[in-house]
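By written order: A, B, C and D. Residues from 1 in each chain.
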Amino acid sequence: MRYAYLGPAGTFTEQALLQRPEASAPDAERVPHGSVDSALAALRAGEVDAAVVPIENSVEGGVSATLDALATGDPLVVVAEMLVPITFVLAAPAGVTLADVRAVGTHSHAWAQVRGWMSTRLPEAAYVPTLSTAAAAAGLGGPTEDQTPYDAAVCAPVAATVHGLELLAGDIGDNRAAVTRFVLVSRPGSGPAPTGADKSTMVLYQHEDHPGGLLGLLEQFSVRGINLTRLESRPTGEGMGRYCFSIDIEGHVDDERVGEALMGLRRVCADVRFLGSYPRADRLAATVAAGTQDADFQHARSWLRSLRTP
Amino acid sequence: MRYAYLGPAGTFTEQALLQRPEASAPDAERVPHGSVDSALAALRAGEVDAAVVPIENSVEGGVSATLDALATGDPLVVVAEMLVPITFVLAAPAGVTLADVRAVGTHSHAWAQVRGWMSTRLPEAAYVPTLSTAAAAAGLGGPTEDQTPYDAAVCAPVAATVHGLELLAGDIGDNRAAVTRFVLVSRPGSGPAPTGADKSTMVLYQHEDHPGGLLGLLEQFSVRGINLTRLESRPTGEGMGRYCFSIDIEGHVDDERVGEALMGLRRVCADVRFLGSYPRADRLAATVAAGTQDADFQHARSWLRSLRTP
Amino acid sequence: MRYAYLGPAGTFTEQALLQRPEASAPDAERVPHGSVDSALAALRAGEVDAAVVPIENSVEGGVSATLDALATGDPLVVVAEMLVPITFVLAAPAGVTLADVRAVGTHSHAWAQVRGWMSTRLPEAAYVPTLSTAAAAAGLGGPTEDQTPYDAAVCAPVAATVHGLELLAGDIGDNRAAVTRFVLVSRPGSGPAPTGADKSTMVLYQHEDHPGGLLGLLEQFSVRGINLTRLESRPTGEGMGRYCFSIDIEGHVDDERVGEALMGLRRVCADVRFLGSYPRADRLAATVAAGTQDADFQHARSWLRSLRTP
Amino acid sequence: MRYAYLGPAGTFTEQALLQRPEASAPDAERVPHGSVDSALAALRAGEVDAAVVPIENSVEGGVSATLDALATGDPLVVVAEMLVPITFVLAAPAGVTLADVRAVGTHSHAWAQVRGWMSTRLPEAAYVPTLSTAAAAAGLGGPTEDQTPYDAAVCAPVAATVHGLELLAGDIGDNRAAVTRFVLVSRPGSGPAPTGADKSTMVLYQHEDHPGGLLGLLEQFSVRGINLTRLESRPTGEGMGRYCFSIDIEGHVDDERVGEALMGLRRVCADVRFLGSYPRADRLAATVAAGTQDADFQHARSWLRSLRTP
């Protein structure tokens, strides 16, 4: 089995991948990619069997690159989710002290999460954007380090270790409870079976100029007693104010209530892109409202049949 | 075929029955009953094949006796509806003039519909309740007429003719557009097929102490784009403030949207009593919202199947 | 003070009136009327100061005559409600036994509530409608009793006593828990102050051909956290399928949430007829949802003011 | 008047600022800032009178840095919005040809919008992130150009001109209709008056664990006939799945319907942060549903007053 992930080695994404036992198996191969797009393209092309990408951060919100890459192109489905606590460190080559730091390199999302610490401890430091937090560390850990336009990197602890850097400060994130949610994505096929503690992900496209549209979509869930756990609006690219909705719900496509809600959405939406059902990382059982158990649906179906053919 | 109806001969109910061609067939027998309960009991007992009873008047509202009798007891279903314009006349035996009228006999519903005319033209007349408008006419047309405690009857034109009365005044209803809706009821069996212009009738019982309950029930219809044409609350008899809802909707139980709504109600209600699907008397095609045609449901079902077993 | 009520003496309505201490005061005058219309007309004409009429029965449902009389004509408001347990007896002149009873007189609503007992114990008895249960008793208690076309009356215990009848059977109602709700009505003026356990009554008229109309009206309540305790549809008389809604809600017109809901209804309805706020007979405090206390509204209003004029 | 903006000179943000006539006045000073945070901090500190920042892109979606910076810290309000069509060019120092380009510098949002062109025309080019598109151009236009780790920049046409670069390709955006929406922000004070074609912006924070929460918030708008034009969820930072909602609606805080909706939200939300009312850039008049004009509210208020003190 080959797994693409948002690399390089040492990213939080690699940590997420390593949470999957099958990805640590002797015959498993882990292939770092430079971007979410690249990792998912490799999956679509059949070069790998699955890919791990970040989808949501508890501080920064949805990862647009992932949301957009899943919403377009050949179909892919989420088969698992992984939560990784995010811990940032400030790392530099041996010999550099905090007082020496004039510029700091890191990914823009990471920079956003250490703004508070930086404004207090390094208010004069310039910010240099990099492609990833691991790339920031890598820039200081190689032979061309003296050409790197920054003196220290904000990165994951593992990246500092990998690239032989020393810690100037540990756990510098403004929000100590920051967590990033990653998803394991594969090509469509038989997905994971229901566990009773599942989520489903989808993207909903409305018909144009549909007043009160989002309310109508949410009612398709509420009337079947389904809770949402994430809702992001993403532009469709067709013009200002034209959005689709990327949504996670409690429940599995094989659950009766989820199936009926999906059919309802399919009927009233311009398009519904189903992105998979998978076990929740936190193992919290879904809330199932009165009258929305599978047995309730089956009983109602039998009853309807008896009405139609008495 | 034997048909029970709310008699005696000469009632508006008989007129409704005679709208049905099959009820005028040579071998058809029309059996008058003294009450709605009695007519429906005869149907339940198998003594007749169908029964015609009034269900709703455009001035007086729902006919409680019918609503309650259909809502309880052995199941019955509506298989047709008939609309009868309601015209009231004031009739009396030959020789009686308007000036002679001291008391007027009629059914309380009829009295309510001629109150305006009476308060202007016969303000001093006493009101004597009778079991039906036809019974009021019959009381003046038989041999014991001089013991009848009223001098004139408010009844249908046909009842005046049947009982040999003369008209003191014609069309005395306060609302000239008054219409009563009657239903042809039979025992459950293969009901009329969908015509595209159908109604369905049902009674919904909520679980006890269900806040916002009616709103939740109406959402089961609205989310599937179904219009209501009648909603009556009726006490369940279990205590003040305990109601069930007698409802007519546009559409047929064989319509996908109606079937799914019925299943939804079945899941969330304490009980749903289905009372039949039948062609609308006015032949108005049902309004079908975007995404709620049968084909939309079938397409959505195929799509869901493809998600579940890719 | 003069009080009109639906008479004659001995009706359940008189019992309701006597629950009001002020109506038993030495200077209080109680004026029986032959119909709800007549009692309310006397009130509108200024002949009496208040009127008591039945509005809802736990078995038979809304009292159409009262609902319709309050919904039209000069404005009147409900200022109190009274609950009266309904107990029916079968009464007859001395010497009459159950075996002698060929015909029974009573009001049609009462007849409906003793059908079960009658079908078991007097299955052969004919039914003779009367204007009220008390009138049925009166017909047997006077000098013309031998011309009365029935042998026994179904009435309230007090009516049997008043008219000197003897009981053939006591408590013959099919539903032993039957209760009728009466209202004390007066001309508009300063109504009762809020008590925290109040109801308000109103009639809502929709604009013509308003799809999903009732749902929209109910949302005006639900969005302000207001519970309904009664909803009746009543025809407007303008044609089949044209209804208004007679509604009781928890809360007082002086409550902020009720005031805003009433304004919302006034904006979206063709007409709103407010019929008063008054203490609940059962003294149950209103359920007040989070964020809908008066203080919440006042705080929100101050906040809005600060936004508008910073 | 001093205006902060997201610089450096040559950004699309500067173009947005220059759409405001007052910002081109002789005494107006335009102060470029390196980040949205910095521009808004200068405004909060009183160093400038207003600031222009991007808030939404028709391709990339909401600008998180702006949404988050407005949602926290001392209150600021939007007083105007500006739309700028986004045109990207590929620019390089004189002498560089397309074939010479090994690496391309630009802001990550711009990179996302030219991915299609790049994968077709420069599939081998590496991507180097920069702080802004203008910074990418600046890096190639100064004396240290030979140390810049890329050969060409993706930037606005004006930035290429400002920094003396030549165009290798023009209009290379994948979506030719791309538009970015900018807002002019100031400290709270008397904002722009209603024009009939206004928007209002706000951030809504729900109480914790509020099932069906978003639906309830949207109903506060729908019941007053208010359309949403943008809805973004943003993490509150308190944990995975904890979101607030950044919302634009049609209408002005001085509109009655908007005022009542805001009060409703204030009552049911944990917090509502109002971010201003301002004329729409496209001058489209707000849709005002039946019954939600200011006059409707005023009429309803008078009517309620008459009910409360007859």
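One rule holds for everything that comes next: a contact is a pair of C-beta atoms (placed from the backbone, for glycine too) under 8 Å apart; a residue touches a chain by one contact, two chains touch by 3 or more.
Predicted, not measured: the structure shown is a model, and the values here were computed from it.
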item: Fraction-based call for chain B against chain A, same above half, different below; value: same
item: Interchain centroid distance [CA atoms averaged], chain C/chain D, Å; value: 58
item: Distance from chain C to chain B - Cα centre to Cα centre, in angstrom; value: 24
item: Per-residue multi-chain contacts in chain C, two or more chains; value: 219, 222
item: Chain contact graph, described as a line, ring, star, complete graph or other shape; value: ring
item: Chains that touch, pairwise; value: A-B, A-D, B-C, C-D
item: Chain C to chain B touching residues, read off their complex; value: 37, 56-62, 64-65, 83, 108, 112, 115, 127, 129-131, 147, 149, 175, 177-179, 181, 211-212, 214-215, 218-219, 222, 227-235, 237-243, 287
item: Chain D-touching residues of chain C, taken from the complex the two chains share; value: 188-191, 207, 219-220, 222-224, 253-254, 259-260, 262-264, 266-268, 274, 290-292, 296-297, 299-301, 303-304, 307-310
